[in-house]
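Pasting the structures here.
Two complexes follow with chain A in common, the first pairing it with chain B and the second with chain C.
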Partner chain A sequence: MRKLLNIAAVPLLFLGGCMQDNIIDDILMVEAEGYDYIGNDQVIGTITTPNYAQGGVSGSGGGGGPATASMMTSASAITYDGRSLVEKLTPEGQKAIRAGKLRVQLFNEALLRHGLKKLIHFRNQDPDVGRDLFLVMVDGNSKDLLQSTYQTAIPVSRYIYDLIFQNQQQNYPRSNLSTVLYNYYGYNTDPFMPIIKKEQDHIVLTGIALLKRDQYVGRLNGQQEAFLLKTLIENFNYGFYDYTFKPNQHVVLENVNSSRHYDVKNGNSAEPNIYATVTLKGYVRQGNPLLATQDYYSEIQTGIQSEIKRALEKMVVGFQKMDVDPIGIGDIARSYTRHFDERSWPERYPRAHFHAKVKVMLVETGISNVR
Partner chain B sequence: MQQNRINETHQVSPVNAFFIVTGSQIVVNILKFQSVVTEDAEQDAWISVLLMGLGTLLVMWCILRLLNNEQNYGQPDLFSIHKRFFGSWIGNLLNLAIILYEALGAILYLRAYIEILNVWLFPRLSPLGFAAIFSLLIWTVVIGGFRTITGAFFLNFIYLLPLYFINTFIFSDAHFSNLLPMADHSMADLSNSLIKASSCFLGFESILFYYPFIKRPKLAVKWCYFGLLNTTYTYLLLTIQGLVYFNIGELRTLVWPVLTFWKSIHFPLVDRFEYIGIIYWLTVLIPNVSLGAWIVSRGVKQIAPVIKQKYALVAFLLILTAVCAIMQSRPQIEWINALISHIGFYLVFVYIPFLLIWQWLLKIKEGKSQ
Partner chain C sequence: MFWKKKNDEAMKEDQGASPKTIEDLLLQLKKSPDFSHYQHLSDTFQCWISFFSSLVNVESIHRDILPFLYKGNIRSLSDIQEQIPIEKIERTNDLKLIQSKLMEGCLIIQEKESSPKSLIVPTVLREGRQVQQPEIETSIIGPKEAFVESLDTNISLLRKRIPIPQFTVEQSRVGKVSNTRVCLTYIKGIANEENVNTVRQRLQDLEVDHLFDASTLSLNISDNNGSPFPQFIDTERPDRTAAALFEGKIALLIDGSPNSLILPTNVVEYFLASDDYYTSWYFATAYRLLRLFAVAFSVFSSAIYVAILTYHYQLIPIDLLGSLITSRSVVTFSPMAEAIVLELMIELLREAGARLPTKVGQTIGIVGGIVIGTASVQAGFTSNVLLILVAMSALAAFTTPNYRMASAIRLLRFPIIVAAQFLGLLGVALCFAFFVSHLLKLTSLGRPFIEPIYPLRISDLRDSFIRFPFTMQSERPMFLRPNDTLRYNKERVKQKAGKREPDIDE
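So, the complex of A and B:
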């Protein structure tokens, strides 16, 4: 009896095939979504998908059909904001569209000014999409950016992904869906995201967009400011900082280690004091031979120190004026204050005093003696 | 007396108490654990978890004491204890209640797992189909006897070991300052969290049913405590991991924080770890539902010896399948979950100490009558 039942159970193994499957050749796998706001709660949504049926290297295990078999690679349509593009674009899809492997989501500035709330909520609710995709602001038009051709032959979604990924290993602070959700849902913190721009046949990372809750309020330009923001947000070790000693006399500091430490005094008072200690360890990568001083270890070191200190304090004052908190000073104050008064923090934040203390340690200056 | 003793060929060695105790605590609730436990005590939730873990040690002491004393009078399991303490009428009523509780627990485990499958992997998977096939699996395990169930628990523990290493993935995203300021919450908040955490620690009380199946029970005592400590350690780790990886605001929005955390892990070939993790969780489910089914069928046999255990088992599995199919939505599942946690909390922390005291009173009474 039991043996019979066991044998009868074997066909059940094949029931696995009865579920809906997503075979990679038979779906359009969305890798990038772009949203451009056109007013009145309407957006132009664009998707791109990699093209697996196209060409393929000859002899690569029979990969792909002839070039004429290439599938569609992008589609766009007008929809209301906050809606998933997958369902909207289904009538345009040659095959079933699936969003499971989304890598980047692009928004133009108008959409970010309008607000990202619905999309953030949707991303938090959606089980299909991972949490390591990049949310990116586009200078200009994201449809343009996604549908152009570039120097590289790899799909534009991966181009953008790689570009942002490698930059976040270096000067740019980490910002992906995970951190945006973290900062959006966290009390008294605000998210930020990288900004990219199309320049002829390139894509360039131009800065960091600052969001108040879910709305764009300002930006940081260039890697220099990204570096400064990063020193306050995380410990990292691949950045570089360009120090202008005198006009036309630059020293590039490549950091091998950076760590930060915070202290908060009177966190519940009307004007809290926040002390940040940043320790930068680095070596001089390029020193201008015409530098007026050769004294790296004292003059240049203190010069960098005071410049970074001033820049950090200026940056935070700028944040306070915009009333935006990408560093999460509110969260730091909460961590270091007993019975923190969270309610009144938004009013107290602009009046908080931020003091930076920077310690720069030049470790090495390269393999040639400075003469 | 003689017929009550379990044949040694059906018994398991004392070490297995460890696998069963810890395995029956870590079930489906663990996936929701982080957001449940941090609701009130926020960053201090780990204190509540620690206290709860110590509390389970105390209860385990009560249980082992109760069962050990009972060996002198009859079979040391809850069904026989009920009958001896309260007579066969009330005793059997209590047995029926406890069977209902265990049955509901097993149903909830399976249904909650199907819910996760539906939400994360296969929205179109029918609960009826899955429950039916799963019941067949459970049938093969339970019909093999308690030893097979123990084996499933052992494998469950081994299979879960790799998941402990997954936690190291948080380090790149950890915000350890989230744990500060420490001890910033009132006793009320802490105890609320403690009570909420209790639902995840339940399950170890099933030793009340399988105790007679452990060889040399005196040696199993330390393994029972180790099992509880292992669970406490796991939950403590998870609480800290959840607090450090998410913040409180985010945790409040998440239903299954553990799965959401797995969502951000990827390996070269496996782009999203939760797809593996959820399927992996089946190994946790099999022994636990099997144990539930075993307890229920054994209980039915004890109440009405006319019904053979294997028929009771088939009947229970049919009910299991049917109820899984009837429960359609999350509110229903959550309602049953809340019910079970409440009953379980009082069962473990009120009823079991009460039984121990009752046993002591009975003993005094006996001494006086002699």
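So, the complex of A and C:
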């Protein structure tokens, strides 16, 4: 038996060498993929790979020969929808192309209107790619966006990644491959993703794209709206909200700590009632001199409360009109209702009544009488 | 069987070679220039005196023994026995005893040259090395004595620390030719008799021709000779040995070896330094955990580097990718090759440092560390990152207090690096599993080697990764199955401590 095991170990040892390896400096790591729909189930796919610093190791004194880190940075080709770009673009690859370090995936509006289904299935089955990659909609052309030069020297993929990551720490609701997959496969929830746009030599985050199942149906513009959506989706800490209490007079609520609570009544009736309680707690950091009124507190507090309440309810009504559910109200209703009738929910959702209750607490730091 | 017959013949030959009569013996010994054999003549008494001048302290013989032989009242051997102020003088006819005592440095006094009737007079031996500071297991706090090559000195070092009659020293001889004295020491009543019997039996059954050092003995009597891990601790510190004896372990002292052998042991003990017992338990614990981390780091770091850079590029944080790729891009070899090259370089440095005289050795460290290291990076042999990893892991390996365990750990890296090249992280995990299962099976004197971990013994964990305060260690290690399980009575300690009532000014 022992001898047999020893003999079995020998081919294991030698065959081990036959494995395909991915030595990091011998592969091209795709960090961004862009898809532009050109009709007829065809897309233009674009990939970018970071171009690492040229020249040898610092202090190498010219030793080690020319650096091999300098590589091609982008490639694009026409392919059909839902196919891996990596294999398609292999003929253009200077070295083997690998998708394991993918950070962002961009789609133009046309592709999102066409539907993401095949791509989502494909990504879901790909074990190479992590789940923290951002799916992003591009206002305009993703190939243009990926192949342009910007003010920053870092690779465009990381530029986009950092941009979105930083914003999702604040006002934008968390959305990456993991949450999109969850919302796509989840019951009665719809995915959403951030929208970016190229503006001259900048990239700007402009809003949130709303998807019905896998298709684009509408959008929320600006970080104010994103903030509102975020209050209903998650509890968070570092948001900010800009309140215009008189024309041209703003108050900015900072480091907003927000938490939400839901209640559902008559979840199985034709017109269910959904109650959302949102509690916001924040500093007033940027105040107008007029803040120095004695009664700033209640004035601003009630003002913000009623404004957010109205905005939230309006937003949800908008969702109901589009028949899209990025908040997952269906899921919330299900979890609050015994023997929930799942089948009829899609018909009942547009008729549901959403009531928001907003509590705002102003932390009195940073406010002082300016005289 | 054929080989058995041959063995028998060899044994017979062996007996044939040893001298049969005292005359033969003396004749044989007289050929060596350091053997003194002469007739003593005085008015009243004459006798033959023989000893090895190279073994005994000649001055003391001239001072303490020979003058007495000239006294008028000495007429026979028994007179000598009574008159010489030396204890433990033996009278014997036994040729074998005479021979072995002669070799140990005793003085033999015969009435007639041809008769085996003789007196064996113990003498003062020539002094070996003085007791010095420990050089291998240095400590910052605690006793600064180390064992020396003389067995009797070593026993005295131990007996000073264990001044009770239960401290037992059993002497036996190991080595067909060398007849080395080996002392089995333990504390009767604490040590497990079964363990003692096992060691005794293993010593009796040992077939070697010579024995110089504790480590050789350890290799010869260990449970598994094929294991890379040592199963018994050899230490040069008498305080550590004594502490082990107090726990109920057994110590072996070998004549000519400045190390004692502690047995049985478990794997955790190899990572404990004697300093741990002389500092507060927070620090002891912190340093122990540091050492354990160092072990894991030194075993796995370069292997994980190889695995990740070869197969799992997904696992590298994106900010690290840049520096890794730029430093890798000028390197000619695959990650595995550069890792092996660098590891070999470090091993070469270590080996060269160990073989060279101390003064040259210091320069080797500087030349190796700075010049070769940076030059190999600049030449594109290895990447900067790996240089750091390998240097760190080499450093980490040397934090293990036990030298033999440290070497085992250093060599363990190579199979793991190779496995990492074959199967990536899976290979690392498989190789690790292989070594763990080996450790699981390993025993030390029949006791499980990775004992506090498996089989799990909570009470023994109190002095393993975390050193609990001494007040919480009232029990002796369970895996030794000591006769007396308690170090002290815990209840009594509690009673004595009483309830703390702070005074008003506290």
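Keep this in mind: the second predicted complex is superposed on the first by the 326 of 371 C-alpha atoms of A that agree within 3 Å, B and C clash if a C-alpha of one lies under 4 Å from a C-alpha of the other, contacts with A are read in each partner's own complex, and residues count from 1 in each chain.
The working rule: a contact is a pair of C-beta atoms (placed from the backbone, for glycine too) under 8 Å apart; a residue touches a chain by one contact, two chains touch by 3 or more.
What you are looking at is a predicted structure, and each value in this text was computed from that prediction instead of being measured.
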| item | value |
| --- | --- |
| First (chain B), second (chain C), both or neither touched by A:Gly186 | first |
| Which superposed partner A:Gly130 touches (first chain B, second chain C, both, neither) | both |
| Which superposed partner A:Ser335 touches (first chain B, second chain C, both, neither) | first |
| First (chain B), second (chain C), both or neither touched by A:Val10 | neither |
| Partner chain in contact with A:Arg158 - chain B first, chain C second, else both or neither | second |
| Touching partner for A:Lys101 - first (chain B), second (chain C), both, neither | both |
| First (chain B), second (chain C), both or neither touched by A:Asn22 | second |
| First, second, both or neither for A:Met1, with chain B first and chain C second | neither |
| Doubly contacted residues of chain A, that is, touched by chain B and again by chain C | 12, 19, 100-101, 130 |
| Touching residues on chain A, where the partner in the complex is chain C | 12-13, 16-17, 19, 21-25, 27, 29, 31, 50, 52-53, 56-57, 59-61, 63-65, 67-69, 98, 100-101, 103, 128-130, 158, 161 |
| Touch list for chain A against partner chain B, complex | 2, 5-6, 9, 12, 15, 19-20, 100-101, 124, 127, 130-132, 174, 178-179, 181-182, 185-187, 189, 262, 331-332, 335-340 |
| Footprint of chain A on chain C - complex, ascending | 309-314, 316, 318, 321-322, 324-331, 334-335, 377-380, 383-384, 421-424, 427 |
| Chain B to chain A touching residues, read off their complex | 119-120, 122, 124-125, 129, 133, 136, 140, 143, 173, 177-178, 180-181, 184, 246-250, 252-254, 260, 263-264, 266, 271-272 |
